[in-house]
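The two complexes that follow have subunit A in common; it is paired with subunit B in the first and with subunit C in the second.
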Partner chain A sequence: MYASKKYWMIAWILVLPALLIRIFTTIYPIIETFHISLFEVKLLQGIRKFVGLDNYIQLFHDSKMITSIRFTAIFVVGSMIGHIVLGIILALILNMKFRGQKVLRTIVLLPWAMPMVVIAMASKWAFNNEYGLINDFIRRFAPSFNLDWLIYTNTARSAVIAVDLWKDLPFFAILVLAGLQFISSDMYEAAKIDGAGSIRSFFSITLPLISRNILMLSIFFTMWRITSFDVVYAMTSGGPGESTALIAYRVTTEAFTNLNTGYAASIAVVLFLVMAVLSGLSMSAAKRVDY
Partner chain B sequence: MIPKNSRSVPLTLTIWGLAAIVAFLILFPLWWIFISSITPAGELFSKPVKYWPVHPTLDSYRYLIKNVGLLPKIGNTAIIVGLSILIGMIISVMAAFSFARFRTRGLSIAVGFLLASMLIPDVVTARPLYDFLRSVHLYDTYTGLIILYISGILPFTILILQNYLNDIPVSIEESASIDGCGFFQSMFYVTIPLLRPALATVCIVNFITCLNNFFTPLFYSNGISVLSTAITQLPLRDNMYAVPWDLVSAMGWIIILPIIIFVAIFQRQIMEGIMAGGVKG
Partner chain C sequence: MKRLWSLFLTGSLTIAVALSGCSSNGSKANETTSGTKDAGNAGKDEITLYTIQSTNPKFQDWLKEAEEKSGVKINWVAAPTDSDTRQQKVSTILSSGDNTVDILEINDEMATSFKNAGWLEPLQDTVLTGDVLKQLPQGYMKDMLTSSKGDLVGVPSYTGYLGLWVDQKKLDAAGMTSINNEEDFVKFLKATTKDGQYGYGGSWEKTYVFNEIATFVNLFGGDYFDWSNEGSRKAVKFMYDMANTWKVTPVDQIADKYEQMNQKFIDGKYASVFMWGTGTDYKQANRYGEDQIHMINMPEFAKRSIFTDSWSYVLNSASKNKDAAIKFLKYAASEDGELNSWKNFDRYPARADVAAKEEVTGDIKTIYNEIQSTNEVHGRPMLPQTMEFISEMGTLFQNYIQDKITLDDFCKKAQEAVERYK
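Let's turn to the complex of A and B:
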């Protein structure tokens, strides 16, 4: 019906506003990012000179940047292991039939629906040694426990990962649950008749059937972790020192605080390329892993 | 069929136990934030932490209204979120309709572009976008913020609506046109009403996305303050960590409470929306 030429104009007029908005808010700035990453820009001194790939070379020798890359790797891997292991367990709990299942599903939606800033600001207080929720809870079991989480590198990093898990793990579990609901109960019945216990049927039926779903989810969640910003901004401001400055946080610090926009752009380009590789991976994963 | 009640008692108890632990881990911190917000500032420095205040008070909320300008912030948030969703939905329905009904090579490239642009992270475009907004005088304006909020919800919304539209047969519009409907008439009176459930789902998810948008107001506004950024800009105190926890918890609860109510009411639609698009909050 809509094949005739007269609809050609209407079709483009309808998509035009959406396209224009996305072009101005993503395409134009990303081209500009690539462009200024080749310049040394010092806004305060009014310097702007072409330096070729110097920013990129500097990036891999900058100790702050290396710390950021290292912590981002720890954050992504640590958080993703937690997401996958605990996420599957939580999804299995949500998939069980019991009174109160609906209430539990509603509760599990809450962390997803809340802004990360609020959670991160609250966490700053929750991880306080004297008056925080976390230590108060631990002290109920070990009364002499004392630890100022956000002061030491390792504990601050663990705390950031824990907060990230609290916020996004339930969301991951809900998406895994979506995959679980496609598995027909006939399969479990058949397995039961063949003598498989519940652990055996989890590893032989459930896991293989949701593995593709989990792989896709993990790629997307990894991408979101790599560009995480809010949690560190509100909770630790990258501290102690620079030890929890995720790459995304580093970019904004260089761009808006140090006003080193050329250098910031080169980090942004690297981040963008990593994202592009991962999305390429997710597309080939979507095609190849098929049953 | 195995009857539903065949499960053993210990197993049921284990499931309830697990469910209780999950519920506790999620709800207890929220309860703690609420209690902190109605506890007088001095009482917050108590060890062990009191999970019920001795002298409950609404002082923190009063302070936020009087000294921090809570009400204008709520107004700003309502205006920006409301208009962004309204305009964003109109633009999305138009685009989704076009993508679902017309098939040309140019349009498939446009769809691909929209999906690909979803993967560009905010931080990568932040600085050039900031400079661009300044140069066209949209920095720190309602218009600028609304455009950016809309941009944030467009790809997801178009994707979901297009999927729904693909399931609505074109023959409905064909018969409408035989009955004398023009193109826009059949779009408005025949197709869009059929989209209503999808529109509701997408609106609900977008409401949460917009309300939680922190990056946009943080970097692209200064004078116009919304709730999500306001919580990081509360006046610092002289306590040991410079966190005005009494105010932070009150501000946090003001943001959290509507979300809890909203999620409780629209649990089903939110689940559908999440599962349809894997949207990131």
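Let's turn to the complex of A and C:
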């Protein structure tokens, strides 16, 4: 009994440094954010007064915030559908055996290795009607094509989602590919003997066997999408108007540009709660999918 | 028990090492993002300058002369080139009481935001004394750099105008020799709009378009804070007509900041723009000159009016090197300091006596003199929550230009924004 107690103490002492650092860098900021969200803090005017839940009430009546919530939902759903569908297709292509397969896998990963801010700044030019490579490419097939991608709500939103996909899709595909490589070729051979075609094999063997993998990936990729802000920050500054301002971008703007720290904290808390709930649901779903 | 104690001590030591590791990393990062730091000079006539000029090819020349003549060793930290990021970083430094930076260069937007927040040191007793102050643009100093308590918080590093720049070749092709009034201006825009090229180019991104809205409001004799004023309404209607009725400027510029606008202007896509500065971008592209791109006097609409601006040196209240910082600021406000900026950065001196000197020459001096003698010169209309206000007005304007709201809606909402942020 004494020995067991002693070992517990040793264990606690050993993890204590890591624990203290975690408390200082994660738990304390979270608690402080909750705390600040109950105050009206306007640094420029030197205002700091307790307002209870007023910031939260304001949040759901703020038209800019409602636009941000809507676009964040569109961005996350649109981008994740793209990641899953195109990611699986890309992974299947990369899983085929052909000459230059390794080179292709390396090239495919290049966008993922680039910083998002760099990609987003380049994309601002890429989607420019006059100088952009997107329209230049399209004009090779449709010479009269003219579209100012970043000035209309729908096209600007599509462009933001496309850039996000372009950057992270390869990483998603490579991770799916890792799952594909665990599937034994014997299973496909057996299915073939039983008369299954490639489509039947995909839906009856491949998809079920990688579904848990995809679900786990989707959890993380969804979380990253929800907290994403750099693509919008460098590419559209939330424009045109406020139509591409993601929630995380709104937090940054309110906190560091407008210096409305209390309001920014309340948005961050809501974002935190949404993430916590989604994580919980996703993890519980992941437990049920088991092949 | 001894073992436990030794383990506890080991744990404590680990924490101490980890924390001291954090601290030493922090200071190293500060040094690597700054310029050279001579340990021998620490604490003695040494400052850290947060500057927007570090990417200028002549920055080292400027720095060398500034150090020699001010007698202060200047370490520097590069400010981000992106305006949003820069504003956020400066806000964070000042609001958090960060004392790693002593002097910062801030623009009018930041000066308006910060001058009443108590984060900037008053300079009227140490730097901006009577003899210096009387040479600086009085209206600008009062509007932009004087706090509500009457403290002067910044030393303007230059005088700039949001002037009208034209492509002379296009002016010639339009058969015109000058643009004197509204009629000439519209005639020029229409004559030069053809074959995918436009008479006027703007940067109508939501945080940039404010400059042009306010310029047209001024030209039409309006008031940026009064949207029931007929001149204010005429101004935005005029901009709407340029984009949608006469189509002499493209709507797609609502995604453009200055870098996109200037590139298009240099490439000949635009015949005229409103732009700050002395034409550095055009010089670098070999497009500057009397027969190419150059600044002309503002046309007279309801009146002839222009905005002035500056980037100002301010002293961080949290600075631990205030004596050295004041020494540097005295230099920056001196004749030597202003001429150093003119020589190396093409920044037109803010001091009238320095601008009048023989060392300051060229066509910019001629046009600046003409502007000063013929225009109403104003600081830009700003409110304390500067960027929030600017961004909201920009969003409303973009909605109006894209026919999402009417002129009446725009004016009503613009007035609400003025009242909200006042």
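General remarks:
Note that in this section the second predicted complex is superposed on the first by the 267 of 291 C-alpha atoms of A that agree within 3 Å, B and C clash if a C-alpha of one lies under 4 Å from a C-alpha of the other, contacts with A are read in each partner's own complex, and residues count from 1 in each chain.
Criterion: contacts are C-beta pairs under 8 Å (C-beta built on N, C-alpha and C of every residue); 3 or more make two chains touch, one makes a residue touch a chain.
On a predicted model such as this, the values are computed, not experimentally measured, just so you know.
In the superposition on chain A, contact of A:L175 is made with subunit B only, not with subunit C.
By the touch criterion defined above, A:L59 lies against neither subunit B nor subunit C after alignment on the C-alpha atoms of chain A. Once chain A of one complex is fitted onto chain A of the other, the partner contacts of A:P115 are limited to subunit B, with no touch recorded for subunit C. When the two structures are aligned on the shared chain, A:I10 is found in touch with subunit B and with subunit C. Using the contact criterion defined above for the overlaid structures, shared-chain residue A:Y131 touches subunit B and also reaches subunit C.
In the superposition on chain A, contact is made by A:I21 with both subunit B and subunit C.
With both complexes superposed, B is the one of subunit B and subunit C in contact with more subunit A residues. Residue contacts after overlaying the shared chain place A:W224 against subunit B, while subunit C stays out of touching range. In the superposition on chain A, A:T257 contacts subunit C only, with no contact to subunit B.
Once the two complexes are laid over each other on the shared chain, residue contacts for A:I151 go to subunit C alone; subunit B is not touched. Once the two complexes are overlaid on chain A, the subunit A residues touched by subunit B in the first and by subunit C in the second are 10, 14, 17, 21, 124-125, 128, 130-131, 233-234, 252, 256. Residues 6, 9-10, 13-14, 16-17, 20-21, 43-46, 124-125, 128-131, 148, 150-152, 156, 233-234, 236-242, 252-253, 256-260 of subunit A touch subunit C in their complex. By the touch criterion stated above, subunit A contacts subunit B in their complex at residues 1-2, 7-8, 10-12, 14-15, 17-19, 21-22, 24-30, 32-33, 36, 90, 93, 96-98, 100-118, 121-122, 124-126, 128, 130-133, 136, 139-140, 166, 170-171, 174-175, 178, 189, 217, 220, 223-224, 226-227, 229-230, 233-234, 248, 251-252, 255-256, 261, 264-265, 268-269, 271-272, 275-276, 279. Interface of subunit C with subunit A (complex): residues 4, 7-8, 10-11, 14-15, 18, 82, 84, 87-88, 91-92, 95, 113-114, 116-118, 205-207, 250-252, 254-255, 260, 263-264, 269, 384-385, 387-388, 391, 395, 398-399, 402, 404.
Looking at the complex, you find that subunit B touches subunit A at residues 2, 4, 12, 15-16, 18-19, 22-23, 25-30, 32-33, 36, 44-49, 91-92, 94-95, 97-99, 101-102, 104, 106-107, 110, 113-114, 116-117, 119-132, 147-148, 150-151, 154-155, 158, 170, 173-174, 177, 183, 208, 211-212, 214-215, 218-219, 228-229, 231-232, 241, 243, 245, 248-249, 251-252, 255-256, 259-260, 262-264, 267, 270-271, 274-275, 278, 280-281.
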